[in-house]
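Note that chain A is present in both complexes that follow, paired respectively with chain B and with chain C.
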Partner chain A sequence: MFGKGLITGMRVTWKHFWGKKVTFCYPEEKLPMTERFRGGHLALNATKCIGCKLCSLNCPNRALELTVTVDENKKRHMQQYLHIMGRCLYCNLCVESCPTQALSWDKEYAISSWYKEDMVHDSMSDQTSAAVSEVKPHE
Partner chain B sequence: MPKTETFILNMGPQHPSTHGVLQVQLELDGENIVHAKPIMGYLHRGIEKLLESRTYVQGVPYTDRLDYVSSMNNNFGFCRVVEELAGIEVPRRAEYIRVIMAEFNRIASHLIFIGTLAIDLGASTGMLYTFRDREDILDLFNLVCGARMTFHYIRIGGVAADVQPEFVAQAYAFLDKVPHFMEEYNQILSGNEIFTRRLKGVSQLSVEESLAYNMTGPNIRAAGLPYDLRKVDGYSVYPEFSFAVPVGKKGDNWDRYQVRFREIFESAKIIRQALDGLPEGEFMAKIPKVLRPPKGEVYSRTESTRGELGFYIVSDGSTKPYRVHIRRPSFVNMQGLDAMCRGMLIGDSVAAFSSIDPLMGEVDC
Partner chain C sequence: MHNGILLTAAGWIRDILTFLFGNELLVNILMTLVGIGAIISVILTSAIVFTYAERKVCAFMQVRIGPNRVGGRFGLLQPVADMLKLMSKEDIIPNGCDRVVWSLSPMLLFVPSALIYSFFPFDDGAILADVNVGLFLLLAISSQAVLPFLMGGYASNSKYAMIGGMRTVAQMLSYEAPMAFSLIGVVMLTGSMKMSAIVEAQATHTWFVLLQPIAFVIYLITATAETNRTPFDLVEDESEIVAGPFTEYSGMRWALFFLAEYANLLSISILTTTLFLGGWHGPVLPGAVWFWLKVLVMIFVFMWFRWTFPRTRIDQMLSFSWKVLLPLALVNMLLTGVGIYLYQSLC
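Moving on, here comes the complex of A and B:
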């Protein structure tokens, strides 16, 4: 009978209409990000950083702009660490290449901005313990 | 008898059913298509040249951007070529994990195919159901590699990180759900009279024609040729798993839909076997910090979601490839569009286009 398939399909839709919801109300509800989540802002733990610049060397798209100074004892100091989010591929190569595991992603994924200038994030701006959390980058 | 002439109708590049930015120039005789000419290049990013200007390791995330709904398969293809070039032996556990991820991605991609085919034919409800179930796979990927789309998980020498026990548990839970949601699609779409009439007997391509257009993947299998590189080449650990290669009979839109539909079950079968037999051991081979493959050239191919994905790399012994060429299945499969559309109505061109399942990221590269 022509139309039988349509009715069968409608029955499925009708069943789900009263069934359990599979969506949630964003932004009132937010999903927790996974431990290995890569995205958002790059956070640099300045106390761990040795200024080797391996992260920017490994970056495929030059998304990291680093300013490093060398003191009289030939020790390197990271002065400025800019993460240019517009260029970033979020490939995680910087985090994985860090020998002291000073880099980590924050779990904030809502990072869209109105202006291009806001796409540059100073990764050293927030050195509070919450921002530079002890999130272990995955092995 | 009044004199008539054909006229040109541009479909796209801002047409919702072209799955991105493709322009199809339709030459029409009344409502019938005389000639359909795909015009490509709107999404060209020069990925081959980008790969040539970066090191091998840095190039892997760019392959994610080729066929962005099945990135795992692209990573897999590229990494296999570089490993062959550099003579890297991949640990068995890594090979198993790669197969699991590639097959999960195949399911996710086929779910998108079913959803977009449905919405292109006007059944917008069908799309929501397939995207609901694809979400579970994306959650699995998010758990294991921290990304939902551009995964960069399969690396040169293995995979980025080992799978967690909760991933394995969730993967089994998903596999248990597969027959249920597939039955739902059967009820919503496959049994729907409008859906079947739009697909059955429309845009047929024979095996000879498909071969002439060099089509691969589900498109040629729908015509009746069981050509699947997982069986033909038997690369990676695929020979260790038992699975069938679904084939169609006529090569029409319906067969192309059915082949992909049945492939989801086969992929689920492979994943279950791989999870059952997942060996212990390393997930990454020892590769040098600076990778310099010896001079030479390699072409290697894998069965991507859309067909034969081949990478041709020439190495001059430096850290960067001298030349990269990518054989993208979507681009090659698009050649059949004209033959599929000839003599059909404008509405059928949308169904034909959708049943080829091309992806613009891969067509333009």
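Moving on, here comes the complex of A and C:
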């Protein structure tokens, strides 16, 4: 009554006027993805990888094509780690199955491409995203 | 502070013109044209600035950041882009419309909106027509703005436009009465309808917002209704009647309506400043600066209203005007009269 609600409303908009804005200017600023977000490229930390292929065995869609060589000491080396994003359903089974936690998502969700061939990502040659995901609080 | 910066500038221009032409009559005519040009440019500039300001204020109040692409980080060229868009749009003329009345309406709407600027004291002496019935003329001319709305609404041959036009008449007529009555309090205190006299009276005594708080509130409400802004934008409310009388207009014709709307917003803010906030008077800073500071604050207040309050219903709005505002304005008149009588008999 007597315009009390109007004053309250004006106080609210006044606060919002000076307060922090929620808009992100998308291509320049990106919303930080949550910790458990699954998406983007599969980032492989090559120094941790032991070449056990458990990730590709666990993959329900055969989205991982790995090339592993064995040297004279019977040590396995990952040569090529192809993540075929067109097949991937982002179920996280590969990341969960990795015994050395060498796999992670780089959370770079803008991965659309013109050609089907571009949907194959070589995680072995692209170590930058792995280096980024290396910096984790619990490691 | 004998001469404001505006008057000094006008003096310089007059000197230059006198040097160039010499003929006093010609110089006088040219000086009038300069004054008109200055007012028109103020209106056009304000339209550009206010479209940007409105979008930014709206965005900030809705926790957004508003235009941020055209013209750098702050979207400073957004009004230019809007203007280019409006100019490049197709001019659609609806079937079965009354061509003459339809095309006259946007132009006629701009005339009263621009005409009342001649009665505003922008600075010390910087007033185009300081007539002694200034306030009365101002109200009379601004009430002419009803007709173009109705013309546009009637001539568009559209039900939305027709409803919008009828609503305009109902709204503007019923809010003109309390507005005029609330301003009578100011006139009673001043003893004059001359705009410069009203400003002078506030300089010698105090701002009328302190002496006439009820009138100020009534005036703010009616001014919002007169400019057809939310919460009283029933004339053009999108969710019910598309855009009211503007529904069938596009391109530059629509832009003229838009221009008149912002000219009205500016004029109503200037009127508030002149009548209640002491006009161009203020310490230290020059008069013109004070004037525009106050005007900008008032414009922000009107935008604040717009982006805070929801729209009223037509019956609520009309009954509020006739049953609340008008009696209140009359009571205010009575109180002012009693106050003046007591003041004069005591002092």
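Heads up, the rule we're going with is that the second predicted complex is superposed on the first by the 102 of 139 C-alpha atoms of A that agree within 3 Å, B and C clash if a C-alpha of one lies under 4 Å from a C-alpha of the other, contacts with A are read in each partner's own complex, and residues count from 1 in each chain.
Basically, a residue touches a chain if its C-beta (ideal position, glycine included) is under 8 Å from a C-beta of that chain, and two chains touch if they have at least 3 such contacts.
Note that this is a predicted model, so its numbers are computed, not measured.
With both structures placed on the common chain, the touch criterion links A:L89 to chain B but leaves chain C unconnected. Judged by the touch definition given at the top, the superposed model places A:K116 against neither chain B nor chain C.
When both complexes are overlaid on chain A, the residue A:R36 reaches chain B alone and has no touch with chain C. When the two structures are aligned on the shared chain, A:F2 is found in touch with chain B, with no touch to chain C. Of the two partner chains, both chain B and chain C are touched by A:T13. Of the two partner chains placed by superposition, chain B and chain C are both touched by A:V22. Among chain B and chain C, the chain that touches a larger number of residues in chain A is B. Residue overlap on chain A between the chain B contacts of one complex and the chain C contacts of the other covers 6, 9, 12-13, 22. On the side of chain A, the complex with chain B involves touching residues 2-6, 8-9, 11-13, 22, 34, 36-39, 58-60, 89-93, 96, 105, 138-139. Remark: chain B residues 54, 57-62, 125, 132, 135, 142-147, 150, 152, 160-162, 184, 187-189, 191-196 touch chain A in the complex.
Those residues of chain A that touch chain C in the shared complex are 6, 9-10, 12-14, 16-23, 25. On chain C, the positions that touch chain A within their shared complex are 57, 59-65, 68, 304-305, 307-309.
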